[in-house]
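Could you have a look at this structure, given as structure tokens, before my questions?
A, B, C, D, E and F are the chain letters, set down in written order, and residue numbers restart from 1 in every chain.
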Amino acid sequence: MKKLWSTMLTTLMLVAMMVPVAFAADAEAATKIDSGDTAWVLVSAAMVFIMTPGLGFFYGGMVRSKNVLSTIMQSFFIVALISVEWVLFGYSLTFSGDVSGIIGNLDKAGLAGIGVTTILDNGTIPEFAFVAFQCMFAVITPALITGAFAERIKFSAFVVFSSLWAIFIYNPMAHWVWGGGWLAKLGALDFAGGLVIHILSGVSGLVFCLMVGKRRGYGKSPIIPHNIPMIVIGATLLWFGWFGFNAGSALGANGLAASAFIVSQIAAAGATVSWVVAEWIYNGKPTLFGAASGCIAGLVAITPAAGYVTPMPALIIGLVGGVVCYFSVAVVKAKLGYDDSLDAFGVHGVGGTWGAIATGLWATTSVNEAGADGLFYGNPDLVVTQLISVVTAWVFAIVGTFILVKLIGLFMQIRVDEADEVAGVDISGHGESAYGQSIVAGHPVIGGQDVNL
Amino acid sequence: MKKLTKIDIITRPGKLEELKEALNAIGVAGMTVSQVYGCGLQKGHKEVYRGQEYAINLVPKVKVETVICEIPVEKVLEVAQKVLKTGQIGDGKIFVYNVENAVRIRTGEEGDIAIIDQK
Amino acid sequence: MKKLWSTMLTTLMLVAMMVPVAFAADAEAATKIDSGDTAWVLVSAAMVFIMTPGLGFFYGGMVRSKNVLSTIMQSFFIVALISVEWVLFGYSLTFSGDVSGIIGNLDKAGLAGIGVTTILDNGTIPEFAFVAFQCMFAVITPALITGAFAERIKFSAFVVFSSLWAIFIYNPMAHWVWGGGWLAKLGALDFAGGLVIHILSGVSGLVFCLMVGKRRGYGKSPIIPHNIPMIVIGATLLWFGWFGFNAGSALGANGLAASAFIVSQIAAAGATVSWVVAEWIYNGKPTLFGAASGCIAGLVAITPAAGYVTPMPALIIGLVGGVVCYFSVAVVKAKLGYDDSLDAFGVHGVGGTWGAIATGLWATTSVNEAGADGLFYGNPDLVVTQLISVVTAWVFAIVGTFILVKLIGLFMQIRVDEADEVAGVDISGHGESAYGQSIVAGHPVIGGQDVNL
Amino acid sequence: MKKLWSTMLTTLMLVAMMVPVAFAADAEAATKIDSGDTAWVLVSAAMVFIMTPGLGFFYGGMVRSKNVLSTIMQSFFIVALISVEWVLFGYSLTFSGDVSGIIGNLDKAGLAGIGVTTILDNGTIPEFAFVAFQCMFAVITPALITGAFAERIKFSAFVVFSSLWAIFIYNPMAHWVWGGGWLAKLGALDFAGGLVIHILSGVSGLVFCLMVGKRRGYGKSPIIPHNIPMIVIGATLLWFGWFGFNAGSALGANGLAASAFIVSQIAAAGATVSWVVAEWIYNGKPTLFGAASGCIAGLVAITPAAGYVTPMPALIIGLVGGVVCYFSVAVVKAKLGYDDSLDAFGVHGVGGTWGAIATGLWATTSVNEAGADGLFYGNPDLVVTQLISVVTAWVFAIVGTFILVKLIGLFMQIRVDEADEVAGVDISGHGESAYGQSIVAGHPVIGGQDVNL
Amino acid sequence: MKKLTKIDIITRPGKLEELKEALNAIGVAGMTVSQVYGCGLQKGHKEVYRGQEYAINLVPKVKVETVICEIPVEKVLEVAQKVLKTGQIGDGKIFVYNVENAVRIRTGEEGDIAIIDQK
Amino acid sequence: MKKLTKIDIITRPGKLEELKEALNAIGVAGMTVSQVYGCGLQKGHKEVYRGQEYAINLVPKVKVETVICEIPVEKVLEVAQKVLKTGQIGDGKIFVYNVENAVRIRTGEEGDIAIIDQK
């Protein structure tokens, strides 16, 4: 790469001696891989990768110990499942060409036509780096949904649902916003995925949990987290990875990336503080679980705005995001009585909606020329566009998930049997116990019969 | 001193809260609970780790111990059965023992008054 | 960014054809963002971020299970609290201008005047990247102190103390050393924070724990770590993040960064080995807790020296650091009888002091022209400067913390009540249990009264 | 660095005006540090670092709770032990010069002659960055072996074995393949360590566990994982770090790195899916432990091929790798009856062998000109070369480990005493309990006698 | 109703599986197991955390409780001793108690039939 | 054979070490300890998870079981009360039971000698 660069440079210099070259040089430069940008996007991809297992721990700590493996499994397995889907169809459907603004084509199915030297269109990084980075986004989105139906779903139904949801809900929506589809043309702003990721997953989770019903005992016996440190490990990995998520979405190591980085930190910090303060006032005690929830709420809220807003608005977005999500999980959910087990909707659906609207309020072209000015910078139109895109995401998630769940229900059982739910999905669905106790005797079964080796 | 009796109730963990409330309702407020594993008619389950299968035959149960004197033993047995009976294997057992003496550490009271709580 | 670069390049070349340009080119180059340097500093910021929650696990594993949440909470919440403080005042007080060598001004309060295109003075990265990177340093420093008073402090007192300490102790000291204050002018070397971070926090911790008194039962009943694997998770995240901490302090992806990286690894390795060997000889067994403590001791010791020393001195710094810290926590603490719960002083105070002095011994300008030669490179002056700065940090930490704790004690209760300490701060202070047990019955309370949904 | 670059540039331009410079420029460029490449390699080193403690958790979760600390300790301490060995001798023996194709010389012992400005030969990064990156490889390799003899080895024997193995087995083999030794000359391809790391460690583990015998009770009483979430934390850190491992091996942030990154993800995903599906069919349930094992199997298999194959072959490599490793641990091991405690051989030995052969099948110069074409690209020779190198690695591991274990057995006890094995190696070997229980009473012993402070 | 007897066996955790099988073999199928810590003649061990030494004198044990009626107590004692005896300090103790009554929750059966399982 | 008596002491976990030492001092060396949860007069506490409040009414306690014969029961009761009494609700209870027999597995000794340790 370096050789290419210097050969080019030399040629360039020779040319420079003879003709006015300002534009030529510009064009040339645009077709080169920049090693710094590439390093940043590759690291970001790895950081976003770790978010999904991290989400597994975040969710896994919240469930009862009899369901922790099934919960982590949903996030962990989805990394594999959707990565395969993504390289086979997903990437192509999302980012290759455009069919009537609705969906991409299949030209890049199986990553056909992309090679080591292929550079991302209008980018400075290898297209493979972009494929990998976006793969991690495609992976985490359906994983977020799993919080809504945790502790009561059959693994087989989950696998089918997640695959179909990725293909029929995620890929189109991502195409509309990021792949040059109709929402992109409309001017909707969604820097790192408020619409595509958080609203879509949160609202889908709400629909799914309403359709599948409450966990047995919900509201009667206490269903409390079995391991709060595990929740915090998850939140830590999520927060860490989110820097790649938001700042990596600049697709280069530049001022915009740095700006997205700092505003993400500010919003996460603001929401952590505001969630904790809210519960301190409302429930009388500040909690670690609240702090861990707050940072996620803040990061969700800043996600769509990360590349468009300045630090102080980010602080407001975070502060408001923390309080709004707190009330939606602590008060609204209890009032309405649905069982969104781990608050996929309360945090991602609500936080994402707030973030998408806030983008319409505080976006400014001083941060990002490719963006737009929001309401507080004199442009009320952006709010309207953002509202349209929010409604679109809600409606698409509701309708799509409803159809998918109904459809799958025709062919297979979605919810586990009562006895299995009582015993716990870890044992009944996976044949494993999270915390093997020395006291739990038993004996190895070999070849189907008991033996003494 | 009235006769003191200890009742051990071994049953499904998920029933603990209900049992506790039912016993409270008939005046049994003091009890000591522990986590145990049981085996009996109830089948255990198979676990698999890297393709190796294990027959796990101890099932998680909860043990509730309560020492009573005023409340008749039969009443406790009746209430416990009512709450805990599902008719499925594994509902558990109740065992009744004689207690020779009891002491409330806080006050030094001995015998029946040691376990009679005045509200 | 790339376009800017090539436009500049072209212009440059045209100029080059007409005038001698050596200096001009230098100046020009200095005002550009370098994508590789930016990528490295952003990643480093994310890596330093993860150190503070990592510290939460490191500390959390060491306490009894009834206090694990309150301990993790202190580190986790501080990330949010100090990030907000940092962007509002801290960054400006530390790095904006200089008022009599003592403190910065408030020109950059709220990050005013910093934009997407603002480049760090004398740097090759966006200023936002520097703000974020330094934010993580400001965050971890007060978090380190929490190890000294773990298991017995009210959360409210902790919040007030940490905020005031950050503003009145950390910001000035950081300004003196890194912000162009008087210690910088004096020539004190502190590459990544031996003085500013480790001595300051460790000594402050010692003062605080002496003022607040021992934990109940300390020395009588065993107060042993409830989860050593959790300690190791913390140590792992700390070690990982420390590469960003030390090598990121080069503020670019260059030879100095690589050098700081390798010497950090060497010192960490040396101290791990020496701590384990010391306890093997002294207590008869090598322990994992010892290994996890040793690596931190080594990393602390190399922190001030990381950008100034070569590999073999780094090995010595690590080996000595491990042994010195081991004896300070295993022998000296027991002899003196103070209760620095998790050895904030024994590891950070002692290790940081050793590192700052060692920098005076082995620093060499062959590693860093911006540094100085140490005693073993023929310059005894540096040791004196280092000793002055060490004494300064100690005195400032002692006086500052003493005043703050006294002051706070006037307005609020600092230590939890006896009953709350016995029950554990998790339940009494936060209303949470770390490890929810299925057996712990109870029932949901809704709207303040019991209901059966 | 930037200044150097621009000074050079200016000089270059002046030269450019007078002479034909194509080659000169090339040569010049090759001797510069590229900040993007450096950033990527430094980050990769940190990522590979975290793999070894990660391995500790991966392995630690699989053992019984009485042995978890000793198991984590083996991985954690090895980071320190081998890092010291590496900077003292290892790096020099592996990468400095070449003595008859067999081993390097000692010219760079203690990293002599490497400075802040030393650039890697034929590279664009500081040599220190390469030293650090390769250090992490040297560290993880002996750590992988520990899975084979977990739960029954004395720590002292482990320390001696690991040190000798690193010097006499790892360093030579790494030199043969990567340091310009005879296998490199033969044309063997091993991008990130299928031969050098996975076959070598896996086969050595098999030999060791056969020599040391089964754990007591193996096959009679259930020896089941004590903490599956801990296994998944380990797998997560391994997967995350593996991006640095494989893509970092490009030694630059370029198209090859991006390609290695995406094929690693694809293979890991493929193997996760195929392992889970295999066990679902064979044992009736999909497990999280299986998913965590599958991703590692896939990553092992793609390691040697990562810089030579395109995405679709990577998918096949992963899918096959998952199934092959599953059957080797679930069926073959049980049939043959050896006790490779945590399947170091079944996953690394078998997966590494498959990957090395697969490289011979699907390597293509369209991905990497420095590589070669494999069987499916018309060149059957590569398969032969790969088979030769696989056999070499097996034989070397078998003979070397056999000699080392026999030798060590002459001087010290390798296996722990029966009583210690029953009590658990944590208490008997390290004097620690992983999960301190509040109920476990006892009292502090000070100065060898009981006191009441 | 035959006399009901409860036997508590406190022994090494590693012996649980063998004990359970041996008891099953003589017809004792129902039992309740819990994890306990014991102290007695058996020495505990030293643990060291950051150079501070602690004498830990509670040793992990397992407690097996079984209520029997048809199978003679002696037989159970004999079988248990055979399986559990290693001759090393710490083998544990067996305690025998009288039981006043037993109830099988699932069926409501009381007395001896409550614990006699028909296979 | 002297009469064997089992004493169950249920009390606060933090008092375990002191209790153990006090009992050792009067010659009670053997005991079996387990972790239990109790409810009674002592109030539990409130926990809050994401704004949902739960009344947790089982309080962690420790149960010490010791079978004695030579040492008088009253002495044990007295010593235990002395050590454990704080006067606050939740100090716990002591229950006394009759034991029919005891066996030391290691030696096969039965009855009182099974629990008399010669130092």
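Rule of thumb we're sticking to: a residue touches a chain if its C-beta (ideal position, glycine included) is under 8 Å from a C-beta of that chain, and two chains touch if they have at least 3 such contacts.
This structure is a prediction, so every number in the text was calculated from the model and none was measured.
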> Which neighbours does chain A have in common with chain E?
Replying inline: B, C, D, F
> So chain C and chain D: same face meeting same face, with over half the numbers shared, or different?
Replying inline: different
>> Looking at chain pairs C-F and C-E, which one is connected by more C-beta pairs in contact?
In response: C-F
> Taking each chain's centre as the mean position of its Cα atoms, how many Å separate chain D from chain F?
Replying inline: 52
>> Taking the mean of the C-alpha atoms as each chain's centre, how many Å separate chain A from chain C?
In response: 31
> So what's the Cα centroid distance for chain B and chain E, whole Å?
Replying inline: 18
> Listing for chain D: what residues touch at least two other chains?
Replying inline: 13, 17, 34-37, 39-40, 43, 221-222, 224-225, 227, 233, 253, 283-285, 287, 289, 334, 431-433, 437-444, 446
>> Could you pull out the residues of chain F that touch at least 2 other chains?
In response: 17, 20, 33-35, 37, 47-49, 52-54, 56-58, 97-98
>> Under the stated contact criterion, what part of chain A meets chain C in this complex?
In response: 12-13, 16-17, 21-22, 25-26, 28-30, 32, 34-37, 39-40, 43, 47, 64-66, 124, 218-222, 224-229, 232-233, 235-236, 239-240, 243-244, 247, 252-259, 261-262, 265-266, 268-270, 272-273, 276, 283-289, 291-292, 294-295, 310-312, 315, 334, 337, 366-368
>> Give the list of chain B residues in touch with chain A in this complex.
In response: 14, 17, 37, 44-49, 52-58
> Okay, in this complex, where on chain C does chain A touch?
Replying inline: 1-3, 5-7, 9-11, 13-14, 17, 33-40, 42-43, 45-46, 49-50, 53-54, 56-57, 60, 68-70, 72-73, 76-77, 79-81, 83-84, 87, 110-111, 114-118, 125-129, 131-132, 135, 155, 227, 230, 233, 237, 253, 429-438, 440-444, 446, 451-453
>> Give the list of chain B residues in touch with chain F in this complex.
In response: 4, 6, 20, 29-34, 67, 97-106, 108, 110, 114-115, 117
> Which residues of chain A touch chain B in the complex?
Replying inline: 217, 221-222, 422-423, 427, 431-433, 439-446, 450
